[in-house]
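The following pair of complexes shares a single chain, chain A, combined with chain B in the former and chain C in the latter.
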Partner chain A sequence: MCSCLSRKEKAESLGNDSRIEVKEMVQSLENPQTKLMTGAEAVATAAKLSRPQVIAAYPITPQTKIVETLSGMVARGEMDTEYINVESEHSAMGAVIGASLAGTRTFTATSSHGLLYMGELVWWAGMTRIPVVMPVVNRSLNPWNIWPDHQDAMTFRDAGWIQFYAKNNQEVLDLTICAFKIAEHHKIWMPVMVCLDGFILSHTSAQVEVPSQKKVDNFLPPFEPLAMLDPDNPFAHGSLTDSEGIWEQRMSLIDGFNNAHVLIPQIFTEYTEKIGRLGNYLIEVTGDIEHAECAVIALGTLGEEAEQTVEYLLEKNIKAVVLRPRVFRPFPKKELIVLINKVPRLLVIDRAVSFGNAGQLAIEIQAELFAHKVEVKFHQKIMGLGGMDVNYVDIATEIERVLKED
Partner chain B sequence: MNEDIELKDPVLPLGRPTLGSAGETGDWRTYRPKFIEENCIKCYKCWLSCPEGTIRVDAHGEYPYIDYVYCKGCGVCVHVCPGRKKQKALEMIPE
Partner chain C sequence: MKAKITEMMERPNVLLRGNFACAGCGLSIAYRTSISALDRPIVVIPACCSSVIQSLHPNVAFNVPTLNIAFAAHASAASGIARAKKMRGEEVTTVVWSGDGGTYDIGLATWSGAAERNENIIHFCYDNNFYSNTGAQRSGATPRGAVTTTTPEGKKEKRKSITRIMAAHDIPYIATASIGYPRDLYAKVKKASTIEGYRFILIDAPCPTGWLSDPAITPELGELAVKTGYFPLYEIENGNLIFSRKGEKYRDPENRVPLEEYLSKQNRFKKMTPSQIVEVKKDIQHEWDQLVRLE
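Showing the complex of A and B:
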């Protein structure tokens, strides 16, 4: 709508089109639509389609437009959701934990320092298994900025959360809807973090195919609590526990991740059949792996950028392949080893550092290479910290350096 | 992928309330509240204030009754007791 129209004119023009609007609304209920939206809006749309009953979030920077969009939807009555305005991220997760135990589907979102402030209760949710879905917009930590950096989410890779790293806005939407089903599966029952790179995804518009509400409802049934607070049958959740209890609980969490490793591809398959696109793989392979001279492993948008590198290097007669794990927890060890066995050399690119050692992804892959005695020339590189621009030529230069060194 | 492995059910950290889950806490006591019936005005402030719920008023008895198996001897009941003519119906005596 042109901004030079007066409010009256706008209302009149809307009034004339009201019949078309209703028709469009009916269509949107039945058919998928391709829309132009940012990653933050894609998350909000996915959350809306998934019908969470309680959302609690704190809306200050580095928080993104996710909660702004959702609060607008709730205020306009487009969502049947209790939106709790809290006074901090710590309280946001606290409210969500309580709401989840009261038997509701829950959602919150955060980013960067917000995630760190939430920290204590992120662990609480992870260790006591609260099936909340939380997108994390990966942004730089102190000295902070709004640009992409995986350091925030990597800080919580051990917190008992399933972690996805999305490559584009479409995958953000698909993974967020899947995340509810995965978190709430009675053999998994643990929180899910959907990580999307700050700014590159969260604030950049791209085409997103939005599934119809009918299809999502068909894929995602209403929330079924495994344990629910009930005054007639009272229990305390996560209170003081003796060593044996803690041990039993942690061992169960390890089993839970093993279950998740088996079940996530099945749920991805179901999503692909009922809604479309996603595919059931944990690691996306782009390029000709059988003839590749070098494989690049990277998370999120770095992985997507590397896909362009593959095409770019083909023009120079260099064959490369990209392995992009989109599920980082549970770590797709077996799948990765099968793929790595086919390539002569590896370049692992991290957008975060475990200071005092190396990039987290590189460390974990090295451990697997040793465990399986895989003979491969291993290279690692830390790129793009604090949102430093990494384009496909930068990655190509690294691959050429690796090829020259060997 | 081992698709045929047994998927175990999650263990949730649920604690169910039981009577005296920390044992018979009455043996932590150094002082015990002693009840003096003639000073009691049946205001039941002691019953209302007991942090451990160890003071009972049963359906028949009109006077409060202290469960010494769980009373930790904190003295709150003695503090709140108004008593009759400034004579409290509860006093703390060494165990």
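Showing the complex of A and C:
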């Protein structure tokens, strides 16, 4: 399903001539649609193209370039947006909840401790279904450490938010634009978190193909509120609710996630047709799944790194495949099971831990394996916490260990 | 600015029957008087008595668009509404309607940020001196000597001066008002609604349930708070303090009704010793002295 050239194929096509590679890069830089940008800038660019009407954001805890880049765009008049420089992440989410219910498209961004400080209102937005889009730069939690892992976003996997995990800056941009359409679909109507690994994506420049405003406008129509605070039609939002009311609301949220599961691939397809690249899959498959001895499942950049492992192991005559869920909520259960059924072994790599148990991804996959009585040799590994470097050789070593163990 | 009785009688009915307020509820009077003075209000309510008394979903007794939000998110949510409506080109009055716990304590950062940004919001704090909807726990607004469920022997510290903290933000309009003087309150709300930017109105709202007072004398307690000097009435416009006509004479301690008359009508003060009463009188005078400096 992955159409991109592997590192090895690229090298072959270029005849290992680095001058050609440089020339290609210069050409692509001259192309106005392709830019060199960090993940943070990709987020900001996607936000700008999506025309949010109100942005509220706090720049620190820890700082990313997203908020600064967007404030610059607003200040220069490149965006027609009300920008609220709030005094904390808690207030950032408070402001976008208010702005969304007042009938505008909203956006904020955060990271790590900022997400945790926002926590109460992250749940508020999830439970009361506020269609805000929020990229989260995944970084480790305390003690202070600004390097990547997924502990921050995993803490909120249950909060009623759709969660994407991007593998590169291009996907960051594409998923962020898609996120608005998904959040605001009237059969979904819930917040979306676009997760991108700290530093590896947020602070590292890579080529990103930027769609034209016209194309994005054609994909993403203006915000259409489902319900709006309006003096001509008063109603109360979030008022005191009894058990039956809460039950009804939670059941509707579960339905919303079921709808999202069906609609997200359709919206990805529409994006691919109108803008390009993305593909309609919830799980990216890299490698020959039909003949693989082991499948690696990992999120975000760990998944991308594992793609290199597949090539690396081929040289050693080991066949591996990567299954990278880029949509984590709704959890793509049935898609995963179809894929896992094709492989004899599974290695799940988590970049976060549910302390006292195991990695969250591993726990959730195990539950599905049990539910569907899937016979597969299951292995799990926690890697890369606090930004510990994980390269394709490290992953290969784990796969080799797995193959040796059984 | 003076409120006409006829105008007040013709105001819209913002508080419907079927609300859950206790008998003699001060905040209901404050809400009805204040919100009915506004043009096209959208009201943000954090956790407080007002989030409880507006009735149970799907019923609602507050007859204006209402957003209930987390305790410390009132002014941020209101900022979002105000900016969104500006972006949509809709004329509304964005309101924060918070209790003293939400304003003096847990929501202080969120309103301070909104006040510093001078968001176009009217922030009302109905002050009943404690956390009322959860059964009378101590807040930063609880006066010295008052018994609450978390200060069973009476609070040891004086209450915070929220208006002076607010004044340090140099916002365009601040007022104090009391449900004992509804015309004064109404007029101040009307005046606030003609001003742009962050505006703050602190309303003394007696709570018979928590103050352990007779529900029939709620307005009287409001008046007594002013007449004893306990709750001064004033406005601060662009940094200049003006004492309100109704309460100005109580700046002179000679003109004040003895504090004991106010305290004795509320059982929350029954554990106060004579020396504590002297301390509270000093607290009151200290506040007046500080206010006079802002004149």
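Definition applied: the second predicted complex is superposed on the first by the 373 of 406 C-alpha atoms of A that agree within 3 Å, B and C clash if a C-alpha of one lies under 4 Å from a C-alpha of the other, contacts with A are read in each partner's own complex, and residues count from 1 in each chain.
One rule holds for everything that comes next: contacts are C-beta pairs under 8 Å (C-beta built on N, C-alpha and C of every residue); 3 or more make two chains touch, one makes a residue touch a chain.
These numbers come from a predicted model, not from an experiment.
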| item | value |
| --- | --- |
| Clash-or-fit label for the pair chain B, chain C on chain A | clash |
| Touching partner for A:230 - first (chain B), second (chain C), both, neither | second |
| Chain B versus chain C as contact partner of A:119, first or second or both or neither | neither |
| Touching partner for A:262 - first (chain B), second (chain C), both, neither | first |
| Contacts of A:386 with chain B and chain C, given as first, second, both or neither | neither |
| Dominant toucher of chain A (residue count), chain B or chain C | C |
| First (chain B), second (chain C), both or neither touched by A:279 | neither |
| Touched partner set for A:189, first chain B, second chain C, both or neither | first |
| Contacts of A:245 with chain B and chain C, given as first, second, both or neither | both |
| Shared contact residues on chain A - chain B and chain C | 234-239, 241, 245 |
| List of chain A residues in touch with chain C within their complex | 53-54, 56, 81-82, 84-88, 90-104, 106, 120-121, 124, 229-231, 233-242, 245 |
| For the chain C and chain A complex, residues of the former touching the latter | 40-42, 44, 51-52, 54-58, 60, 62-70, 72-81, 83-88, 92, 109-110, 112-114, 116-117 |
| Residues of chain B defined as touching chain A within the complex | 1-3, 5, 7-17 |
| Residue ranges of chain A in contact with chain B within the complex | 127-129, 186-190, 226-227, 234-239, 241, 245, 248-249, 251-252, 255-256, 258-259, 261-263, 265, 334-335 |
